[in-house]
Amino acid sequence: MKRKKSIKERLREWDADAFDLTERTAGPMHPAPAAPEEEKPEEPPAPERETRLGSRALRILYSVLAALFGTVMLSFLLATASELPPYGAAENPVHNAVSERYIRDGMRETGAVNIVAGVILDYRAFDTLGESHVLFTALTAVLILLLGEGVHRESTGQIRMQQDRIVTNTASVLTPIIILFGVYGILTGHLGPGGGFSGGSIVGAGLILHSVAFGYDRLGRYLNIKTFRIVCFAALAFYSLSKCYSFFCGANGLHTVFSPGVPGRILSAGLILPLNIAVGVVVACTMYGLFSVFQRGKI
Amino acid sequence: MEYFELLLLGLLLVCGISTCLTKNLLSSLVIFMAYGVIMSILWALLRAPDLAVTEAAVGAGISGILMFLTLRKLRDLKRKHADETEEKH
Amino acid sequence: MENFWQQLWNARIAVAAMTLFAVGFVTLLLHRNLLKKIIGLNIMETAAYLLLTSLGFIEGRLSPIVLGENTDPLLYVNPLPAGLVLTGIVVSVSVTAVMLALTVRLYARYHSLNLDDIYAMAQREHGVN
Amino acid sequence: MAFSVNFPLFSIVLCLLCAVVSSLLPSKAARAVSIALCAALAAGAACLASYGVSVGKATEYLMGHYPHPWGNELRFGVLEPLLVSVFAVVMLLCLIGGKRYLAADLDPEKSNLYYVMCDLVLVSLTALSYTNDLFTGYVFIEICTIASCGILMIRQLGRTTLASVRYMIFSLIGSGLFLLGLILLYAVTGHLLMPNVKESVAALWAEGRYRTVLLMSMALITVGLGVKSGLFPFHFWMPDTYGYATPSSGGILSGLVSKGYILLLIRIVYGAFGTDIFYRSGISNVLFVFGACGVIVGSISAAREKDVSRMVAYSSAAQIGYIYLGIGLSPGMGVLASLFHILTHALTKPLLFLSAAELASCAGSRQRAVWRGAGHINRVAGFAFSVGAFSMIGIPLTMGFVSKYRFALAAFERPLLMIPTLIVLAVSTVLNGLYFIRVVVAIYLPPERRTDRVRITDHPAYAVCAIAFTAMNLAAGIAALPIVRLLESSLTLL
């Protein structure tokens, strides 16, 4: 039977591979890039050698210039920093009528005990609407780039990870807890720290752990690209439409049907809870989708 | 508490600068994830628990995972490329 | 001298954030390795968010989660910066994902992470065409 | 309040919905959705602009139930809906005119995603034009960055991927600087909505407090948006980005996306900093210098380029230089000239990119050397390219002439900057003439070999788009006065 590799050996293996990637790159801030690597025989046949800005001297010059540029920029920024209002003082210009109203009336007006949730999902909901679409945009861009890449070749690391008993056993205990914690975060986002983004990414992390440990087959039955797209669509469309309704009512001075309810209850805070759920779903799907696309070129 | 904060700030600076200076991509990624964790603790100290949770999950977690995956994908591509060039010769 | 240290102490987070911003910026602009550029980008953005969060902090106050019915504005820190940063973190992770995907594509095509090398290769290919 | 004030909200939500729906649809349906969306947006924005003219003041539209400074707001007078309407029309024509290349360049499985990205570019441009809040501006800048990178990299050649990486890096540098500037501004004013920021900035400036921070934040925001739109020292990503993208994307990126950032900058200068302070701070002079350098360097690089698409892209760098030069000149006439030039460039560049692609497909290559006689083979494209080229040179009857005339007029307001401006205008006109006329002459030389002529009916989509662009360009060039008056009155509403 083949001896299993220790973690240290694996790390070293990784290390060697990673090191290979860096061999032809020199940081601008290294005054003396290690020269011997250049003589490595397994340099790919591509014609880099003569194009690498020539010599070591040029590279050092580049580094020095970069450091100089950084220093100049840093001095400007530090001059600005020294003039900023003092840290932690209560009379800074930031603490004005805006934040005062958020704290004083936030719970009454939005129904959210967690004022941050009230601010991002009610007072400044337009930002957040944009933000959830940033995620959608990024996922679409990644799909354009990587969909269908590397399907023909399952990476070797994947298989090795799947056979690892430690990972499987740990994951079978941890996955439900992680996902439960994420769902709890999403559902109580208006009551305490948490909310759609953090809860959703925790759920996403749980899904990622599950697929690392048990492969994609089990999860793939529920989460293929079709359900994935429909779920994203439903969540985002719900988000846009409900916010459109609430903005429309707000701008035209109409009353909305959503009321803040009794702060502190789980079913309160009007739109914040459903919006948190929608955001959470989108974020969880996006995170898992990004992982899956990066890993094997499909969802 | 202030000293703890100062310590964290120092660590943050060390991590931030060293992750940009390290030549090895893997160690640089590990340091970067440490940077994310320190940042999330700092945000907890700054009374922003929402941020702390999100940064721990997103900044240190998901970004780090994606970067590791990229690194591994690059390694696979590199091996494949090496195999192909070997076959050619 | 006393005054200088006092000022530095008052601006400690701003100084750290600005330093990290400059480090990240220089890495993003001038480092040749694409993955390093992405790390630099992340450092730059988190540094900016650190500065923004520190603006909302007030010495000796609680995090903005209402305790009971007590909505006295003098009890809690400013919730707005935290909200903005929450938005920002998600934006930066999205951007990171796109950049990483681009890196994979570029590496698959040119087998290098060094942008100068890649550019030289692309120039040559183009010249041949 | 008329019902049309709700159009900005509806158009933003409609764009978002269309983008999300398009990701589920097959490519043809997604294309139809995008085209319909552009048309709807253009119509809505035109209604809104006419409403703005009739009311004669800017409207502030609450996004939610809370008034400023607590809530989030949109704000629109005449300029914003007018530009949104132009953006939507240009995007519509780009999508129609580049149909042939889109079919060839896109992976059929992913081509619906191209239209998703187009919708997202459109929503970010709309939101950047309407928003009254700086942080919302930042969020939509990032959507715009990713989406415009998306429409660039969907053509999966090595060079395009490389171009998108460089484009992305410079965009991200720009948005990082913008973010820091925004944070600094927030730190000293405590507000994010532009009217409140303006009030606080004026008060702080009068008291002389936080001078460094204010200056730094103005500089960072200006430079950030400048980098993103390709101002002079950061223009070298442009030829690759615009030249290697599929022609529709090249048109959208050069004609619209960079203009969205510039429009945001103008609105921030007017709405958040206040023109007094901005023009007294000296940043405007820096913009003037970089703009002037950009004009010269862009024109020289274009003159040295043999690949026509890349040449047109370098000429974009010069045009962006013009726009910043105008902003740097003076708040009234200078910005007016820049605004007119934004329209000129938005209507001309896509036409040039599409026509260049069309002529290149006749000639078989994008190199100028082989274009001899291409204008005889494809008459529509030849005519359209010539009109676009004349407009970029600034020959009378085209829009380009009007914008150069306005730049010269604006220069007379600033005696100190008059001579340099006129020199820059003269030199760049000569250079523009040099490189564009060379191409125009080449395409109308008698062809070396007999080839079948391309008829209008062969590529009806392109013909429609070329005729529409040419007609708009000539119409606006001949009847420029009403447009200039409209822009002038809209500037007072900013």
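Every chain is named by a letter (A, B, C and D) in the order it is written, and numbering of its residues begins at 1.
By our rule, a contact is a pair of C-beta atoms (placed from the backbone, for glycine too) under 8 Å apart; a residue touches a chain by one contact, two chains touch by 3 or more.
As the structure is a prediction and not an experimental result, all values here were calculated from the model.
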Message = Count the C-beta contact pairs for A-B and for B-C, then tell me which is higher.
response = B-C
Note = Whole-Å distance, C-alpha centre of subunit A to that of subunit C, is 13
Query = Using the average of all C-alpha atoms in each chain as its centre, how far is it in Å between subunit B and subunit D?
reply = 37
Per-residue overlap in subunit A, given as positions that touch at least 2 other chains = 21-22, 27, 29, 44, 77, 80, 84-85, 92, 94-95, 98, 102, 114, 116, 124, 127, 131, 134, 137-138, 141, 145, 192-193, 195, 197, 290, 294
Request  = Scan subunit C for residues touching two or more other chains and write them down.
outcome  = 12-13, 19, 21, 23-27, 29, 31, 33, 35-36, 54-57, 61, 63-65, 81-82, 84, 86-87, 89-91, 94-95, 97-98, 100, 102-105, 108, 110-111, 113
Remark   = Shared-interface residues of subunit D (touching two or more other chains) are 135, 139, 142, 146, 149, 153, 156, 186-187
Ask   = Hey, which chains are touching each other here?
value = A-B, A-C, A-D, B-C, C-D
Sites on subunit C touched by subunit D in the complex = 21, 24-25, 28-29, 34, 37, 41, 44-45, 48, 51-52, 55, 81, 84, 87-88, 91, 94-95, 98-99, 102-103, 105-106, 109-110, 115, 118-119, 122, 125-126
Query = Which bits of subunit C are touching subunit A when the two form their complex?
reply = 7, 10-15, 17-19, 21-23, 25-27, 29-33, 35-36, 54-59, 61, 63-66, 71-76, 78-84, 86-87, 89-91, 94-95, 97-98, 100-102, 104-105, 108, 110-114, 116-117, 120-121, 124
Query = For subunit B, which residues are in contact with subunit C within the complex?
reply = 6, 9, 12-13, 16-17, 19-20, 25, 28-29, 32, 35-36, 39, 42-43, 46-51, 54-55, 58-59, 62-63, 66-67, 69-71, 73-74, 77-78, 81
Ask   = Quick one: in the complex, what on subunit C touches subunit B?
value = 12-13, 16, 19-20, 23-24, 26-27, 31, 33, 35-36, 38-40, 42-43, 46-47, 49-50, 53-54, 56-57, 61-65, 77, 81-82, 85-86, 89-90, 92-93, 96-97, 100, 103-104, 107-108, 111, 113
Contact set on subunit B toward subunit A in their complex = 20-21, 23-27, 48-50, 52-54, 57-58, 61-62, 65-66, 69-76, 78, 80-82, 85
